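Data block below; observations after.
For reference, chains read A, B and C in written order, and residue numbers begin at 1 within each chain.
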Amino acid sequence: MSFWEYANPLKFLKLSGTLIPYFSILATITIIAGLSWGFFFTPDDYKQGATVKILYVHVPSAFVAINAWFMMLVASIIWLVRRHHVSALAAKAAAPIGIAMTIIGLVTGALWGQPMWGTWWEWDPKLTSFLILFLFYLGYIVLWAAVEDPDTAADLTSVLCIVGSVFAVLSRYATVFWNQGLHQDASLSIDKEEHVADVFYYPLIVVMAGFVLLFIALVLLNTRSEIMKRRAGAIMARSRV
Amino acid sequence: MAISIESLSVSRGGVNLLQGVDIELENGQAGILRGPNGVGKTTLLRALAGLQPVESGTIKCSLEDICYSGHADGVKPTLTVQENLEFWANIFGSPSIREVAEKFMIIELLNTKVGNLSAGQKRRVGLARLGLTGRQVWLLDEPTVSLDETSVKIFGNIIKDHLSEDGCALIATHIDLGLENSAQIIDLLEFQSNSGDLSSSNEAFL
Amino acid sequence: MIALIFRDLRIAVRAGGGFGLSLAFFFIIVIFFPFAIGPDLHLLSKVAPGTLWVGALLACLLSLERIFALDFEDGTLDLMVTSPLPLEGVVISKAIVHWLTTGLPLVFLTPFLGVLLGLQNSNVIFLIISLIFGTPALSIIGTFGAALTAGMKRGGLLLSILVLPLYIPTLIFGAEAARRGIQGFETQTSILLLSGVTLLSWAILPFAAASVLRINLR
């Protein structure tokens, strides 16, 4: 049996219906376990105190925010090449989740930044890149909403997603270049999570796994509702004629 | 064979309109598409011109032989008739616009801005483009809209000339162009889909 | 393609063609900055590169909607798709015309606006160079955005939301080049990066724009 059989909307509805409960339960357990581990059973950082623990929300949401875009890119290419409706709708379904994760990442970043750097916002390359990612999500979602015909919308947004990916990567490098140009003395580094101690690291991995599971569950759920919407539209079109 | 269509199926707005359309036109032959509004004449012609995808079926005709003319004239109001025609002549690599302008009775309008023309005159400018393309298969969607009786007759003769030069034309029209005796009349009602047939893209969700 | 470029240039300079509108807009936007920031020439000269770049970008944005809207409405686009001209060629011609009627005139206007913002004569050159290398990217990216929204009613606002994020790399590298030049740093890297963005845009976007135009026409 080929993997592509699940590209059939009806088969996908059936499969996702069975899978969603498992993913939801797993995600809940993992996130609760990881967060409690991180919040209550790790020591405070010697420099940052308890504020370091915002890391357990900040990093996983940022991780999912970026990878949601990659998932949309892959799904868009699959739609353009193989014309599987489920693929296009999965890309559409992932966008709101991606933008929500981007917002969570930005807000937790600001909350973390205030006690650490004394400012809510810093035009640091990483923060700026997330702001730009937010704009790209926004454009993608707005375009879906603006086009009436679902196939046309899927085609247009897919091309936008591919082109957007190229320009998002360019923007990422541009911000690095730009910030170096402005502040030579960038003493504030947000790269702390890349050298966090093991004691913070393991619970973080658990929460990240939880966020990924949550993302999968939400995308499946959202794709289902998109498929049902299309289905309702098709049934209505048939009864109209 | 100038154009040959086999069991073609086309959709518009998620609903299947026509199914199993078979049309064959020889060189020098015209086909006239008939059928009530909404039956799918425009959709069929646009699909043949490569402007929209077909659901299934085959079209045997090179896109490079096809010249499509739709509801809109595609002429620019701020340019003169001559400038408009010269543009298309350049695109299609045809030498002279005077001959064509004479044929379509717009020679005295060449230096007028299209914005100052009447709807019928504008239509004639739009149709004159057909003569500039040098292409064999004309796909015409309601070409006689806003033309007066004389112009319709003249245009009918132009089509006849085109046919006598081994051309071919598929025309959606309700008006008598004087071609009816020799032309193949195609009633699209015969190919109408059952009501409730959806496009394949909608069908996938049922 | 040449025929199309000449036709569009002719339409642009005739009455109602909109040529000069974006230029006037650029002018107004830039002289509004002193009103908002205050008349301090020293401060103004500091923000001048950013002001001129953002102004140029907005002026470009304003004229994008026209690129395909008129040809879409009067059926010309349908006819061009069925003509021997490749649609990619149509896109490139449209972008060239947009640059000739918007981007290039903006460059010529820049020295005068630079004076108003307190830029030294010797520094204006950096802005001119950065705009010359950057505005072609704005035109082709904008043409892609215009192709995406061709045929949509009230596509203007949508067009801005789609195009502006794509303008970010050009804006960053362009304004950076001008700023570095004015501060007396080397500008070669940013100019090269800016040209890289421009060339990349011209290499990939005609294909993307042509494909979305075909989708929008059906």
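Heads up, the rule we're going with is that a contact is a pair of C-beta atoms (placed from the backbone, for glycine too) under 8 Å apart; a residue touches a chain by one contact, two chains touch by 3 or more.
What you are looking at is a predicted structure, and each value in this text was computed from that prediction instead of being measured.
Moving only from a chain to one it touches, give the least number of moves from subunit B to subunit C.
1
Need the central chain here, defined by C-alpha centroid distance to the all-chain C-alpha centroid.
Closest to the centre of all protein C-alpha atoms: chain C.
Specify the chain most distant from subunit B by Cα centroid.
A
Give the chain pair, either A-B or A-C, that is connected by more C-beta contacts.
A-C
Based only on mean CA positions, could you tell me how far subunit B sits from subunit C in angstrom?
Going by mean C-alpha positions, subunit B sits 37 Å from subunit C.
Whole-Å distance, subunit A centre to subunit C centre, using C-alpha means?
32
Let me have the rounded angstrom distance from the C-alpha centre of subunit A over to the C-alpha centre of subunit B, please.
Here the centre of subunit B sits 49 Å away from the centre of subunit A.
Going through subunit C residue by residue, note those that touch at least 2 other chains and give them in order.
218
Going through subunit A residue by residue, note those that touch at least 2 other chains and give them in order.
none
Considering the complex alone, what residue numbers of subunit C touch subunit B?
These residues of subunit C touch subunit B: 2-4, 7, 10-11, 14-17, 73-76, 78-85, 217-218.
Given the complex with subunit A, which residues does subunit C contribute to the contact?
144, 148-149, 152, 155, 158, 161-162, 164-166, 168-169, 172-173, 176, 179-180, 190, 193, 197, 200, 204-205, 208, 211-212, 215-216, 218
Using the touch definition from the top, list the residues of subunit A that touch subunit C in their complex.
132, 135-136, 138-139, 142-143, 146-147, 152, 155-156, 159-160, 162-164, 166-168, 170-171, 173-175, 177-178, 181
Please give the residue numbers of subunit A that touch subunit B in the complex, ascending.
8-10, 85, 149-151, 227, 230-231, 233-235, 237-239, 241
If you look only at subunit B, which of its residues touch subunit C in the complex?
46, 49-53, 63-64, 66-76, 78-79, 83, 86-88, 90-93, 129, 133
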